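Common to both upcoming complexes is chain A, partnered first by chain B, then by chain C.
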Partner chain A sequence: MSAKGDINVQIAAFTAQLQRREISGSRAVALATAHLISRFVSSRRWPTADDLINQVKRLGRELEKAQPHELACGNIIRRILKSIRTVDETVELVEAVDDRERRSSMFGILSVPGSGDKSTDHMRSRDLKAAVIEDIQVLIEEIGNEEPLQRVGTEMINDNEVILTPCPRSVTLLDFFLKVAQKRSFTVLVTECYPNGVEDAKMFAERLTKAGIRTEILPDATVNAVMSKVSKVIISPRTVLANGGVIASSGMALPCLAAKNFNKPVLVFAGSYKLSLLYPFDVERLIEVGNSGKVIDFADADLMDKLEVTNPLCDYLGPELLDIIITTDGGHPPNFMYRIVLDNYSTQDQIL
Partner chain B sequence: MSKDLTPAQAKALKKQQKQAQRAARKEQGGNVGGAPQASQQQHGSRKHTAVGNVGQSSAPETAAPDRPFAHLDQHKPIVSAADIHPAILNLALQMRRCNVLGSTQRCVAMMEAFSKVIEDYQSPPGTTLGRSLAAHLSRQIEVLKVGRALSVSQGNAIRWLKQHLSAVLDFKDVAAKEELQLAIKSFVRERLEVAAKVIVKSAGTHIRNGDTVLTFGHSSVVYQTLAAARKEGKEFSVICVDTPPLFEGKRSAVELVELEIPTSYILISAVPYLLDTVTTVMVGAHAMVSNGHLYSRVGTSLVAMAAFDRNIPMLVLCETLKFSERIQLDAFSVNEMIPGEGPNSVFYDLTDSKYISKVITEVGALPASSVPVILREYKTQQV
Partner chain C sequence: MPPKKIEERDLQAVVLCDSYEERFYPLTKDKPRCLLPLANTPLIEYTLEFLVSAKVTEVYLMCCSHADQVTEYITRSRWGSQSPHVPFKLHTIELPNTLSVGDAMRDLDSRGIIKSDFLLISGDVVCNMDFNKIWDGHVKRKQQDKNCIMTSVLRQGAATHRTRPRQTGLYILNQETNQVVGYEWDINVRKVSLDATELLSRPSVAFRNDLIDCYIDICTPDVPALFQENFDYELLRRDFVNGILTSDLLGKAIYAHILTDDYAARVESFRTYDAVSRDVIGRYAYPLVVDSRGTYVYRKGHIYVQNNVVLSQSSHIGRNTVIGRNTKVGSNTVITNSVIGRNCTIGDSVVLKDAYIWDDVTIHDNVKITESLVGSNAIVGAGAVLNPGVIVGFGHAVEANADIAQNSRLCRSFSKECEVSDDEDDENNHNEMGLLTSRMDDIYLSDDSIASTSRGDSNRRTKKTKRSLSAISATSVMSARSDEGEEDFFNEAVESISRAILDNHSQDVSILELNTLRMTMNASYDKVQAAVIHALVRHISHLVTHTDPKTATVGVFRQFTPLLKRVTFDLDDEVMVAHCIESECVGRNHGESILIYAMMTLYDTDVISEEAVYKWWDGEAVSTEVRKLVAQWVDWLRNAESESDEEESD
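Moving on to the complex of A and B:
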């Protein structure tokens, strides 16, 4: 079975990429995961939906273990699990209806009775496969398409606004600003996100300036000093948690806290692949800590030895800091997120 | 000329003229019994041109409003003159290069430089030192100001020195020099050194065994407090918070490590991550302004705000020399660009008094709202 061997190689390659952080960023990871599972579903052999669910779960466990901080991966797997469950239920329902129809109508008399259980199982599996793969295709399209998100967001930006964004790494926000610039004129202040985002901030500002958007890079410490001139803060987190809080790249918590203290709205842009079933019971575990050599140069080895140097890569922002979370299907108040999450996932899949 | 106008243009021109007339008439009507008509008309026409000017002048204004600190003065080159003392010139340069940094250090360095200026001063023939020194000092101060804007501590010290000059008006030059130099020495000792000692004693009571103290940037008083607590044998740890481009927190970290105090070093963006372990926040001040806000190194307000959000006490250690009569509401009205850094790099921000648990001074600890009380006490004393 070359196809099966093939998929195993692909899984191994993807796991390695996740481990080595060769693939990062929620959108990229979500897309890659969806593509992988699409291939997985079509190449693997599974007699019933339950088998498929178990196999996908097992794969999900592997991937989550490979990179526990990349929640987008698990989110996509749970989305697909939910879709398998739904498809399975509808196929069952259709069959039940078919059965009843067959028995009650005149067709029943002419049809060949008892057309082998095995073949209907096979048929079911094929229908299921087609339906699940179609769902995954829809999901892939949804991940790649941020137009609805941008549409909702554009309505919330007015002319001549000063927007502060502390996340220069987000592709979602870059695309969003470029899109809004076609309709509105506004100023963007990008925080430097020292030490992890300095290069990204430069590139982000360059891209926006090139598109004719007035953009300034702001040192992180200056946020409170300028907040009174800012009209909105926009962020794009890594993950939206079920309580409406978010896990975001380091450097976002303070600007959002400042915004709250100045009563400025904080808008959160998150594609639905960023929604997670998790509650932040253990924030510590969700926060990734990075290279402390970025904080103090390793050349300063003497000092480095004596000091405890920490370089957290994430911040946790509670729902109280955020005003609105804009996902693919519109804007939601943070406290309402648990409902949206329940629409997307099945609670049975909380633990893979 | 009018032949060249298209009908639409002619119409527009007529409309404009009519509007101008109407405006002029309105002006006359509004100002009943005012100045004579001629001046009224002039006023009207002036107003008209002013309107035209607004359109023009707003163009350069809109070019820079996206830079939040575009209105601040840019640093000018330091130019020397014949009567500028080398010590002053050197200090101006050192301050510009941020080698002499921090309001205490700057104030001490300035007073030492003044002492040298007085030492080397020779009053012109026909006048005494007491009568001619003030002008000479003013010229020195101008150069310092070009180096960097004076700190509040420096401003207060200069005000004191100028007042004290009147005490030596009738002195002979040699005696005057001696008296002034002594006075400067005792001023620095009293208002900064002894003041710091008193503050250290009071602030030290806030450090207990097992505490984690968070400090931002560098402050000599905070350092002395931590060192004294360590000397007393207290077991505590410190988190030094730092921020580019000045990296003053690193200086704190190096000093504390030398005392073998367990020290963490983080950048300001990591504050929310470690804040839950913190028991007290302790910072120094550039100045306390008279409406109770703290004017200090940029980033202080973020740290204070985050601490307030988690109910962690925030102590400001501040000598009364750094109290300012100024009232300030935001970090735009008064601020300073960091030389050689980007267009949005400023030195200071303003910490709301509501984030400050208490201000510890050499005359006692008080709530931030009591800053004007101290200022008034000093005023009445001097009078």
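Moving on to the complex of A and C:
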């Protein structure tokens, strides 16, 4: 009972953290979600796979409701649901074989059917649990490991290139640039992403400069002017949607549109936990609106009274603006994403 | 993984759930201020959310009025013990007998629960600041200046900022260290007196009239102790801050933290209620926004709609609007810049502009509501028009086709008290209490300091003066107070003492009350004496109907000796008291016996000296009738004295 109480406390604490934006960023949320579900699964016994699926779904609904804009959370839950389904199928398969063997042997004839079923049930639930937890561990490792992504990406960067990136907040891109810098020399232009990313842009540029990469911070409005000098635009979105479009931090749409205008390639780096089953039917719903005080000074009484401010935290970029989406298992054209998504998720889990 | 952060520090927070003010009257008659909904969420929730983000480990809620409601709310909410995860230990302390913030602080001190520096916050604060920065600053300052006892958080704003309470005092800060050098509570004074040495010893001093005082303070345990020592401190700013700064003996220092990035504001009047609502809806307090708990859906233009809302096809929902669960909106209804609570029914062709409609309200067809507030369970009849500034109390029914005048306050029970408050409001009180008048282009100021605990205070006529726009020196003119104020003081003081007699208060309380009244209204001591005597004699003459004059008079005067001693200081005062008693006794039944026994008792208890008795006796008599009995006593006194003199001379 105490273990159960404990997991409930953890769920409540995590929900609260999501609501308060104490955990943010796709990778952090994905990792935290995976860890939480791993504990949830191990916290009690699951008589059947259906039971487990229903409970995980219920938990997923709760978490999605807590922070509907953090899609990574839902992605992880759907990935785990898919793995539960797969594990369940294989266990059933193995059992069917077992059953046949047992029936054909003398031992099978003598055993009492009732008691035998019970023990297999118990075995099954234990196998299921262990297998699912193992799968979640693999998933956690996968989220943390961006090596394959970097390997694919490195091939796409040449010496002396000028790369524009409008997402100074991305840990993925920072790690990527630092890795590539060991092999190639190139220039990075970072847009400052006013008003939400100014601080991050400075930090990002600082880190890159320290690693010996030539880095410049650009005001957002100048991207069109420098685009002719840029050889590619690299972005790392929050979420990749099923149609190949992406939801990215605000300030990314402009460089991508400029790149389209100048026919420069736009590369999207996204770990597989960013892939989502969603189609952008209602883009407005997917975009979170942030702090208006960052746009205008709260102390300015006149402006405050007369202006109405909206500070969207995300941009939606349609698949037509992107050229290639690089995930953990290689690069794909945006219009192929629906296929990758189907590999990762089960369509039954579209709605939790 | 769900990070279980190890707390580096134990931080206690004290939340003052009661403001000891009546600015939200009549709404606070039924519900404490901290449970009033702001954008459909009780105010206390915002404060508690802030405390969570500040990583507070222990919270004490100090409740006074409607303490039971607060306790019940907390136990049933997600902060209660039933909830699986509460990030801090939460205790509610019910203090039904406290009359001011000072009392609450004294109680806090006597409980001895404060272990180290703590966060003192009002239960109506909306804030999203990064508390760690401020805490670190406080710790650093304490290392540099051992005498630092408090850090106040002040948000930089502008003198005319919508979110700035009009009653925020003038802060005088040392620009380098942000130490508070001076504080002027009364914003209408034309002069601020400052010690010249204070000014000269510092490189630069700033006079700040642009700060939003959000009543978030980091206090050392000295603060409650200082309240204990100075039992006449009532308000945190007017009495405490002023007292510390003007006292040479204490040598304590108060610092300010000027906030420039984050949001911090306090809902202290209807005007700031309106402003903070708009800030929250306009997402200035992000992540404290309407949809932060995932129950609202955000739509473009700051429109928040909860589930199960029925909007008719022809209705129009304008910008900056919040609509709560299960609310129905009829056809051709237009809603803009408004907050509508849960379970409301809004009829056809209704126009709601800048309106605050709380839960379970029914609004019939063709109603027009502008810049007004409708409390929970109220009903607004068809065709009614609510003009700007109207406040409809809980459960009140506005009649059909009524045209409610500007700034009126309606409440359910038409008790005497309630009607009085209505009149007051209609006459003069709109601006300070006044709801949404901030939306007028000119901002007016009143010379009332409403934060005083007395209600009579608000009786005074307000003098409206236009405020100058300059951020630093926005002072305004105030004309001299009229006699009216003194008369009010007299009535108010008499009332206060009578209450003390009837309810059998301790005399410390009445002394405190009298002192406050005297200070707020700037009354002289003879007024105080007159009021005390009036109240006592009036009480005696009530008693005389059942008992004999002697026991009544002696009893009452003996009981109130300490009080009388507190208001008489020298010979003149004593004569004055005697004179007052005399004039009070004129025309009363048993007046002459009351006078004689009163004089005797006062003489016996040393309130009045012999000398004073003679001086009074030789003075002009109000009426010879009353003096009949006293004459013998005075003669006896004179003889006794001369006898003893003779004895001595022998």
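Just so it is clear, the second predicted complex is superposed on the first by the 337 of 352 C-alpha atoms of A that agree within 3 Å, B and C clash if a C-alpha of one lies under 4 Å from a C-alpha of the other, contacts with A are read in each partner's own complex, and residues count from 1 in each chain.
The rule we apply is simple: a contact is a pair of C-beta atoms (placed from the backbone, for glycine too) under 8 Å apart; a residue touches a chain by one contact, two chains touch by 3 or more.
A quick note: this is a predicted structure, and the numbers were derived from the prediction, not measured.
Partners chain B and chain C, once the complexes are superposed on chain A, both fit on it without clashing. Judged by the touch definition given at the top, the superposed model places A:C193 against chain B, while chain C stays out of reach. In the superposed pair of complexes, A:L352 makes contact with neither chain B nor chain C.
After overlaying the two complexes on the shared chain, residue contacts for A:R21 are found with chain C alone; chain B is out of touch. With both structures placed on the common chain, the touch criterion links A:A131 to neither chain B nor chain C. In the superposition on chain A, A:M156 makes contact with neither chain B nor chain C.
When the shared chain is aligned, chain B comes close enough to touch A:L218, but chain C does not.
Once the two complexes are laid over each other on the shared chain, residue contacts for A:A299 go to chain C alone; chain B is not touched.
In the superposition on chain A, A:E308 makes contact with both chain B and chain C.
If you stand at the C-alpha centre of chain A, chain B and chain C are 80 degrees apart, rounded to the nearest 10. After superposing the two complexes on chain A, the shortest C-alpha to C-alpha distance between chain B and chain C comes to 9 Å.
Once both structures are placed on chain A, chain A residues 308-311 are touched by chain B and, in the other complex, by chain C.
By the touch rule above, chain C contacts chain A in their complex via residues 1-3, 49, 52-53, 83-85, 87, 128, 155-158, 160-162, 210, 260-263, 282-284, 286-287, 292-294, 297-302, 319-320. Taken together, the chain B residues at the contact with chain A in this complex read 65-68, 243-245, 250, 253-254, 257, 262-274, 297-299, 301-302, 305-306, 309, 330-332, 335, 342-346, 348-350. Residue ranges of chain A in contact with chain C, taken from their complex: 5, 8-14, 16-17, 19-22, 31-32, 35-36, 65-68, 284-285, 289-293, 298-301, 304-305, 308-311.
Those residues of chain A whose C-beta lies close enough to touch chain B in the complex are 162, 187, 189, 192-195, 214-226, 228-229, 250-251, 253-254, 257-258, 261, 287, 295-296, 303, 306-312, 315-316.
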